[in-house]
Structure formats: structure tokens, C-alpha cells
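I have a structure I would like to understand better, so I am pasting it below and will then ask my questions one at a time.
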Amino acid sequence: MTKSQRDIIIFTAFGLAVMITPLLLRGNYLLNVFVFIGINTMLAVALNLLLGFAGQISLGHAAFFGLGAYISGILTTRYAFDPWMAMVAAALCVGVIAFIIGFPILKLKGHYLAMATLGFGIIVYIIFNETVDWTGGPSGMSGIPNLSLGPIIFDSYMTNYYLIWVFTLLTMLLSVNLANSRIGRALRAIHDSEVAARVMGVNVRLLKVQIFTVSALISALAGSLYAHTMTFIAPASFGFNFSVELVTMVIIGGLGSIYGSFLGAAILTLLPEFLRVFHDFDIVIYGLLLIVMTIFMPGGLIGGFEALAAAINRRKEA
Amino acid sequence: AEPVKIGALFSITGPPSFLGEPERNTAQMVVDEINKSGGLKGRKIELVIYDTQGDPTKANQAATRLIKDDKVVAIIGPSTTGETMAIIPIIEKAKIPLISCAAGVKITEPVKKWVFKTAQNDALAVARIYEQLKKRRISKVAILTVSDGFGSSGREQLISQAKNYNIQVISDETYGPKDTDMTAQVTKIRGSQAQALICWGTNPGPAVVARNVKQLGLKIPLYMSHGVSSKKFIELAGDAGEGIILPSGRVLVANFLPNSDPQKKALIAYVKNYQKRYKTEGDHFGGHAWDAVMLLKGAIERGDDTPAAIRDQLEQTKSFSGIGGIFNFSTQDHAGLTKDAFVLVEVKKNKWILVKE
Amino acid sequence: MENSDQIIQYLLSGLSNGSIYALIGFGFAIIYNATGIINFAQGEFVMLGGMLTIFFLNVFRLPLITAIALAVGVSTAIGIVFERLAIRPLKNASPLSLVIITIGASILIRGAAMLVWGKDTHALPPFSGNDPLYLMGATMLPQNLWIFALTAVIIIASKLFFHYTIFGKAMRACAFNSQAASLVGISVKTMVLLSFMISSAIGSLAGIIIAPLTMTSYDMGIMLGLKGFCAAIIGGMSSGLGTVIGGLLLGILESLGAGLISSGYKDAIAFIILLIILFLRPEGVFGKKETERV
Amino acid sequence: MLSLQRITKTFGGVTALEDISFNVESGAITGVIGPNGAGKTTLFNIATGLYSQDTGDVYLGGQNISRLPPERLARLGMIRTFQNVELFGQMTVLENVMVGLHTKSKSGIFSCAFKLPGQIREEKTIHRRALKWLEYTGITDLAGMTAGSLPFGKGRLLEIARALASEPRIILMDEPAAGLNSRETMGLAGLIKKIRTSGITIVLVEHDMELVMDVCDTVVVLNLGHKLAEGTPRDIQENPEVIAAYLGDG
Amino acid sequence: MLTIKNINAYYGQVHALKNVSLHLQEGEIVTLIGANGAGKTTLLNTISGIVPPKSGLILFSGTPIHELPPHAIVERGISQVPEGRQVFKPLSVEDNLELGAYLRYRKRDGKKEAKDTMAMVYNLFPILMDRRKQLAGTLSGGEQQMLAIGRALMAKPKIMLLDEPSMGLAPLVVQEIFRVIENLAGEQKTTVLLVEQNARVALKTAARGYVLETGKVILEGEAADLMENRDVQRAYLGRDKKEIWER
């Protein structure tokens, strides 16, 4: 079995699992949580392209997510755009913004890059808050229309689930493809040694900006989907905290692993739901779990899984 | 008998925890009291509380869980306007009555069939302040509002109502919810022609503003919002708090009310019980939850405990004396309060006293 | 429009806030210099300093100076426990995993503080009165002088420590290449522990000294931590003058932005200017060019 | 092929290169030797666009390439290896070589993400050719190993394989024999000659005189940023100045 | 002085050292030769405590040290010049050297003595003197190698482990380095374990040698004998051509 055949099998299995999950969760509130897991997976995969592959940190990805959501929201509620058109417009706008700011920002390295992206995130967040006439300010913007496709309106948990997950699966598929291609290799090469990558003919600057743009564009798409499924958005969802949470998802899941990003997103979205039984202690436990997970699986959940699988295999052989 | 399940969504943690915490405490306290004294028509109330952390996404998830998993008959909360707006579509679709504890006007305007609220509109608080400014012949004001949901909705009202009172907002500044120094803004206001400063925020920001005003020697009258109507504010502002005036629910000055006041009994009981149970002062934010639970109790006692029956009875609530004021709901009004819900109070010798009008 | 009194006041306010940011930034820089980790829990130590002091002051009725000493002591102990239990087990982890650990720790500490002390804000009385001092028509509080003084002491001390003592140099060596450091006989574990001790002590001290101005609550560390982080980065993560200048720059930009342009966009203005500075000098305001070579 | 003209480079107070000129003949092996710190690596860094010189110009096949970035130079057929071995440490040996083929392929982000037919075909070619270069340099058996865990000497070979994969016109090697034992160095000498036979021009910085004398056609000697001598290996070996500054008399 | 008995070391699943035994006498120069990937660096790192052995013993003057952390091993007097230099790039040359004497600095009078050693190192590598304020990361490869050696000398170790000290150095300097090594052993009674690719020179300098192949010691003996050994000649000595510095 070649690697690419294995990839196809894994992806198909994953896709099938995703498709039948709602049938098992019928009528359960978790179905709704899985909608958000889908959105967060999209975001984590997008950030992983940048952080896990190219090794470039972004502490401002919530801003792209938010921009996608707000552009979609504003275009549909104020200018009566068709939601699908608004979604395309949002993705394109954010792509262009990312491309333009990408050049100066990605010239920076390490903690300077962290700080610049953080600053960008804060600036955008402030704009969401302050341009009250456009965004409704801190108390948010409501009445964003749902997406629809012919007779289907995506306004129930079930329809939203399939809507979101189709996009999420597509994002994952394309990212897996990208990871195993010459572009994916060039990105990982940048991660390991920028100088050597350049000398091998990789246009490091351009490639970084390109992947930044792609990453932002996917995030914006996730933002649009979020806006049209929630029908309400407020700046609180797009702040610094969420940017950090996204980075956490990627790292907890496993840097450079697409399925890891899914695991990270799933765990971090589900965890608060499970921790609700602890009431006021939930935050403390959440913090503790983050630490414990990282200590025991420094390579991320996916690394943990692989180690486990290897151990089981060895058992079998022995 | 089976308990009646009521859901509650509060931002117990996160930036709006100053709202969610007293609300959660109060709701739990009221429900326990009801259960102790025999419950609702002989049935106990089970209160299912989820924390929303001030985040619309979390509010959405929690509301879904209350509806789908816990199968509650009614929901109280959330604490903020944003979170309330975020879950209204779910509520309307699930046909479950919601009594929000947030203040935003747009929650109940236009009227939504299943949505009510107990928090007084900011509009009413602003009106109270402007009335007094007009009496004092002040026509130029500076406003300094916090850039969160509470502050921005206050700011909106301050600006839009000003012309009704012939007042001019000549300086419009804001500060961040976590800012720890506002000297720059106050300095700028000091350089303006403003005759009064209105600061709209919740602890601790306004206390910092009060201190900065004192430090910079700004001598104009200082007004604040009901967001800081608690003893805590006086403690934080120290002597810089002296003379500050603000609109407040009656709960802050319950003892000063005339005995004829229909709310007085409930207010004093609330303050006493809260103090006893939580060792700290109950405030009017907690009062929103008190009102919400008691409104539900009334509605269920009068009718049935199905969501539809509760809704119908809520809408018919008349002259209910709560902590926030006297509620009169109708098909056109799901907020139910008038500006009498607010009184003006002032800090004198480290105590809140009622301003004589 | 704006008279010079006002400008001076903006500058003075900016300097006061900036030195707070710098003070907090130091904590970041110290751990970074010794371990290469960006410690997201640094803000929480600032919070701990203030909260613990108030706790000792109000609950045990201790004199201020004792309360401060105890608060610093307890925060340092928490720093040690943190390093021992959460950082040390992960010897060979990537810096990013360590960052996640510090994020976890910050959530944990904040949550625990919330459970122990509740969500209320508390104020600490100023060390030496509340009567404003006048300076060329502008005012500041005596507490600001305390902050300036502490900042100055810490810059000088850390400059001396990191650049002129063998211990300090050893710490920097550890951050760069811990394996090589151990090959010259440096105990990497001790150095990391020491850096966590120093930075939690400095963080809590900063938290104590600013508490009379900023007040304190379980979640105050987030925003101040963020600003301190920025100050440290603008200063090139140096543990000396750079961070101070970074902090002051941030403070002044904020203050002028709020005063002269728009208070709503004050942080945005500060960050836009900082971004422009970074774009013009990608190696940092104080960074040296081309230290890496092949 | 490659021509350096009057190159000067200073770092702060240190003058690493001063007024250096020389030509590299097409198809030849040119050695660059000199004491430590003479400026050899700096010369490579300038030629490959990593540093910019203070003054002077670099020509590649007649074209002035003075201000071109490294990635452009790679496309023009100039590639190098590194003194301190700059591998892509977390990637496998095979993947390292595949990155070397970057300039020989052109699928963009879009066609890679959507796996367009052209991209699939190209990917197969890349894979095949990478294997070929592993075989060429004799490290096929390491293909699946993570580059970071290679022993030093194998890393050097991998660097050469990766450089060759881009099918350069000229290849600059910075101390390829450092860390190899005599026997392995012998193998390397063979490899270098084989590369030359395939028509690729080679510039070689090396301290292993045995190797330099064995393979080089001409040798340039640098000392303290100046050109000390230039000539055939024989001449250089006998040049008293070179002996005094560099070779020593044992 | 140093005795290694049957040690095994692993990198994950890779068995890098297999039952390796070896011993060093005081003041002796011993060399370790072997092909790429034979495990020479791993062996030095095992002695230094960086790669702790899975099993086996390492005794230093009779006391076991294989469970000690690296810094404690340095403290007992075993220093290493690591492969690939590993100088502290963001620190100046002088700071690098000072850190070499880190443990001595913490002793009374250590600082003054360390200054003397530093003068000795500068004397040995005059270029470092010129570059002493420069950041180590900007030094040329060879200069960094000199610095790495100088740094280890600063510790005045009882045993010095050298991992390819001549790598990247000009022939003239290599001669110098080997003179220093001989000198260390001869005059200062420092024991030296030398890993060197240039087996010919290594065997000439050393008294004894070990040959390592895929993690196992396959040969050991007097250096002169090894030099004559056909297998060694074929595998490590290469062409029988005179080396350039032996003219």
C-alpha cells in the first residue's frame, strides 16, 4: 500500500464517520457542538498550514475569522447580498487583506512575528468594537440570514451540521493534498532551514505570504459559515483569547497533522461541555488538563495516538 | 412529583462576570427559598445553570443543551445583550420562554413572541441623569464610556437622548474594559468646556476614573451609571467617590424608601437574605435574576407549566413588584418597566443616599 | 486646541503606565533569556502579587511590609512549583509545547485565584499618600514614583546580572543551547528554576507596587500581561534597557493616541505605530542585524 | 562561468573580503583555500545572494547577478552546500532531495491542493528523480531516515544529493570533506570528479589538502580577506607565502 | 582513571552502542576511530551524561558516574569539545570562554586562575583575541572550532573528550591543535579521548586506539599496531599518499 493510497483510505473512513455521526446524535445537543467542532477544525487546519508546516506563528487568526463573519454579516444585512455571494466576497476580501499585510508581517520572525500578528488581531478587534454603525459594536449584530440551496435552508442543527462539515472535509482534503505536495515540502523546508530552502530555489517570502493568504482565506470562510449558521455575531467571539485557543488546538492536536488539528479542535470544543458538571471548578480543571495533556503528549494528541498504536503493534509482535 | 425544570444562562466567568455571578447566586437562592417553602404547586423547581463566559458561541451551545438535553420549560438569562441576541433565534424556534437579564433595548424592541426581559433599559437610566442635568442648567457634557456591551449601549443612549434635553455632548471618550488608567481621557475632558462628566461603566473602571478625576483636579460634577451602584464602588473609589451621583435601582437605598413604597418589603428581604447567604451585598444585577425567577413562579402558579402556558401567563403579568421595579407586561411590551424604576443616589461620607428631587 | 499642559500630562501619564508595562515585561524577558520560553502565565504572577498582599493585609491584618514580603515569597514559591511540576517534566519539548503549558498554567492560576478570592476587584492603599504631585502643570501620584524607582532598580540589577556576572551569562547560554551549557558544567535545571523564581518574584513585586493605582482582581493579569509581553518584545526581549524603552514607548503612544486622536482606538493606534516600527526594522527596535550566519 | 569582480565586504569593524576578483572556468573544479576566517564562506554567501557585498559585482555566465536573491540564483543554475550542514532536519532524506527538485517543478498551491492531473504526474517525476540522485550519491539505503538523525558525514552527502537534484550549472561546496574519514574522502573525490564529468562546474572550499590537490584544476588562496595566490595545485603547494600562512611546514 | 563496561545506548529504537567497553589511563591519549555513524559521538555523549546508557557501567576513578547529569560530570573533571562546535552564538567570544570556566568561577580564586587560562587560550589562538568582543555566532567555522576547543580548555579538565577537533581547521592550525593535545597529556597529565576522522594523525598522536563499527568495538590496541593493521589501513587510512603536512 503506498502512502497516497493509505491517505485515501483514511480520509474516506474519516468522511464516512463524519457523515453518520448525526444519525447517532439525532436530537442530542451534541450535534450542535459538533457543528462548532467543524468550524473550529477548519480554523485549526488553516492555522496549522501556517504554524505546523511553515513554522510561522500567528496570534491573530481570530481576526481573519471575525473579518469573514463581519463582511458576510454586513453585506447580507445592509446590502442584501445573497449569502453565498457574501461568503465569496468575504473570502476574497480577507484573502486580499492577508496578501497585502503578509509581505511586511512575514518578514518578521519568531516573537516579533507573534507580536505583530497579535497586534493585528487587537487592531481588528478594536475596529469591530468601535465601528458601531457598521458592526453593532460590542453588543453585536443580529439577523444575519441563513444559507440556502434550492429548497434546503440551512437553519436546523442537522442541515448546519452537513453544511459545515462538507466545507470542513473539503478543507481537510485539500490540506492533506497540499501537505504531500511540492508546496507542502517547501513549507516544511522553510520551517527547518529558511536559508537552505532559499538556496534550493524556494521563494520563501512569496510562499510564506501565499500560505498566510490561504490560511486567512479559509479562516474567513469559516467565519462566514459561522455568521450564517449562528445568524448573530459579536466581537467577543473574535478576540485575542480565541486566537490563542486556536494555537492551542493546533499544538494540542499535533503540529503539522491535519487529523491532529481535528482532534485538537474536537477536544477543546468538547472539553468545556464535559467540564460543566464541575461548575466553578471547570476552569481550573481545564487549565490542568491542558498542562497534563502537553506533558504526556508533547507531540500532540496525534503523536500520542501514534505512540499508542506503535506500542500495541509491538505487543502483538511480541 | 417531578420537579419543574428551569434553565439559566449566566456569564459566571469571563468579562461580564460582574453580572453573571450575582445573578447566578440570586437565582439559586430564590429557587432554594421557593423549594423550602413548598415549591411550585407542590413541585420542586430544578434550576439548571450553565456558564456562558460572555461568549455568544458558548451561549448558543448552552442554550441548545438546555433545550435539547435538559428539556427545560423556560430559561432565564443570559447576562448580556449580545449573548441574548445570539440565542433568540434558537429560543423562538424551540418555542421556550426566555426572560433575559440583559438591558439592551433591542431584546424586546421589536417584541419577540418568546422573549422577555427584567433589566431596566439603559434609556431609562440616561433619562434620569439628563432630567437632573437640565434642572441644574447644565448643557454641555463630556461622556466617558467603556467599550463593551454595557458602555456602548449607554453611549448610544447618551448621545441619542441628549437633544431631547437640549444637552450637547461635547466630548465623547471611551476606555477599554480592562484599562487601568484613564488620565489621558480625563485630561482631554479637562481641556474641554464640559460642565459635567458622565462615566458609563462597571467596576473597576469608573473607580479608576473617579480617582483620575481627583488626581487631575477636574472640578465638574461627576455622574455615573447604575453599573456601579454598589458598596463595592465606594470601597474602590475611596474618597474620590465623594459626591458622585448615579441612577440606581431602589435596592441600593432600600432602607431610605418610604414605607408606602410597594417594592420596599421585597427589597429589604432580598438584601438581607443575600447578605446572609453570600456574605456580600446583593445588588440590582442580582435583582434581575430575582425578578426573572419570581415572574416565572407567578406565571406557573397562575397557569400551567408548559412553555406555551408560561409564555401566555408572563405576558399577562401586571403590577408585579420586583427588585428592579414594578412590571407590567403586555403583548406590546415585554420589558415592562418605566423610568420610575430608577432613583438617583449620591455618595455622601462613604454611603449611598437618596438624592432629594 | 491642545495646550502644552495637556501634552505634558499625556506624556507623564504615558511614562507612568509605560513603566508599569516595562516592569511586567521584565518578567517575560527574564524567563525568555534563560529558557527561550514565552511565559504566558507571567501576568498571573502580577495578579498574585497584588491579590496576596491584599489577602495578607485584610485577612491576617499584617503590616504592609510584612504582607508584601509574604506575598512575594508565596508567589515565588508558586513559581517554583510551576517550574517543578509543569516545565521540568518536559525537558526536550518544543518551545511551542512549553508555551501551551504556560497558557494552561495561566488559566489554572487565574481560575484558582477566582475560587479562592472571588471575582471582586480590590484596592490596595497607596504606599505614601494620595496627594498628587505637580510637575510642570501636570500631575502624578506618589505611587508612580515608587514604580519608577522599582523599574530603575530592576533594569540596573538585571543589566549587571545578565551581562557582568557569570551566573547571568550562564542563564543566557542555557537559553541558546542547553546541551552545550550542560557540557561546560552549568546545571540547566537550576538555571531554569532560578529564572522562574526571579521572574515570579519580579512579577509579583510589580503587581504589588501597581495595585494601589490599577487595583487588582483575579483577571487583571490578562491585559497587563499582554501589554508587558508587547513591551518586552519591542525591547527585543532583552532584559535591560530595551524592555524599559519598549514599555515607555507603548505607554506614551497609548496616552498620546487617546489624548490627541481617539480614546476608542488608543490601543489600535499604539499597535499600528508599533507595527510600522517593526516593519521598518524587522530585526526589532533594539535587535542587531545579521547575527545569524551560515 | 562565474566571475567575481572587486568584491569587498565588511562586518562592522571586520573586513572579511577586500577587493577580491577571480574567474571560475566553465566545467572546471576551482578550489578556494585559506586560513580560518579568510573569507571563503563569506565569498560563497555573497555569490549565492545570502549577503550583499559592499562593492563589486558577480557575474554568472555573463549575466550580472549581484543583487539577485538566492532563490533566483537557484533557478539560474547556481546551488551550494553549507559548511555547517543545513539540512531540513525533520524531513526524511528522500524529502530533502525532493525539495532540491523544487526549481524543476512548477505546480502551484492550487493544483497541489486539488491534485490536478499535471501535478500528480509531476509528483511522480519528482519522486523518481529524487531516488535517482540518492543512488548517484550512494545513500539510497537512508531514504526513509529523518535527516536530523543522520551522522554528520552522511548529512554532507545528502547536501550534495539535494544540490545535484536541482541540476545546477555550477555548484559551490563548502568543506564537503569535513567530518569524513580518509576513505570516505576518497569516495567523495570520486563523486566530485563524476559530477564534473557530467558537465557541472564546481567551486570547492576545503581544508583537506589531499582532496584539493587531487581534484582541483586551479586553486585560489585567500588570506585575511585578500587574494594571496592563484594557480595550479602544484604551484600553490610550493608557494612559500601559502606555506607560511596556511599549509605550514610540519 | 575512566572505565567503561558493557554499555548500551539507544535513540528510541536505534541501538547505537552495543556492549561497548573501554578504559583510559591517566595522562594517556586514546583515540576512537570508526566510519560515519559508527557511534563515536554517541559514546562521548554517553560519557558526558547527555545520552544516558540503558545498561552498563561508567566508572571514574572507581566511582560510577553513568547516572549523573551532564553538569555533575563536568564538575568531576570531564569536559567535552562537542561535534559541530555548539558555541553560544549570541554571546561574545570572551563570554564563551568565561563560561568554559563556569565551575571554576564559582570557587575562591578560581576567577584569577581562569584569567590565566584565558591568556593561554588567546595565546594559542590569537585570532580569538582579535575577535574577543564579536558574537560567537558570527565567527567563521574554523574560528568557532577554535573557540569550542578553547572553551573546553578553560575548564582545566582531568579528562578531555574531543569530538573531531580538527574539523574545518586549516592545516596549520590542525598541527597546532595536535601539539596542544600532546602537550595537555604530556605536561598537564590530562587524559584525552580523541575522536578523529583523520585516523592517520590520530593514531600518530595517541598511545592506544579503539575501532568502532556500527556501535561495537571491533578492534583495540596500541596505536602503532593499529596503524599496521590491514583492515584498519583499508577502511580508515585511505590512500597511502603522504599527507600534505608531513612533507
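By letter and in written order, the chains are A, B, C, D and E; residue numbering begins at 1 in each of them.
The rule we apply is simple: a contact is a pair of C-beta atoms (placed from the backbone, for glycine too) under 8 Å apart; a residue touches a chain by one contact, two chains touch by 3 or more.
Just so we're clear, the structure is a prediction, and the values are computed from it rather than from any experiment.
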item	value
Touching subunit A and also subunit B, the following chains	C
Contact distance in steps, from subunit B to subunit D	2
Most remote chain, CA-based centroid, reference being subunit E	B
Length of the line joining the C-alpha centres of subunit A and subunit C, rounded to whole Å	31
Mean-CA-position distance for subunit E and subunit B (Å)	74
Separation of mean Cα positions, subunit E and subunit C [Å, integer]	42
Whole-Å gap between the CA centroids of subunit A and subunit E	49
Junction residues of subunit D, two or more chains touched	11, 41, 50, 82-84, 86
Residue list for subunit E, restricted to those that touch at least two other chains	138
Junction residues of subunit B - those touching two or more other chains	13, 15, 147, 174
Subunit D-touching residues of subunit E, taken from the complex the two chains share	11, 14, 33, 35-38, 41, 83-84, 127, 131, 134, 138-143, 145-146, 164, 167-175, 197-200, 234-239, 241, 243-247
Complex contact set, residues of subunit A against subunit B	27-29, 32-33, 36, 126, 129-130, 132, 137-140, 142, 155, 157, 230-234, 236-237, 272-273, 276, 279-280, 282-283
Subunit B residues within the subunit C interface of the complex	13, 15, 17-18, 21, 144, 147, 173-176, 178-181, 183-185, 187-188, 190-191, 203-204, 207-208, 215-217, 232, 235-236, 238-239, 280
Complex contact set, residues of subunit C against subunit A	32, 38, 40, 86, 89-90, 92-94, 96-97, 99-101, 103-112, 114-115, 226, 229-230, 233-234, 237, 264-265, 267-268, 271-272, 274-275, 278-279, 282-284, 294
Contact set on subunit A toward subunit D in their complex	174-175, 177-178, 181-186, 188-189, 191-193, 195-204, 210-211, 214
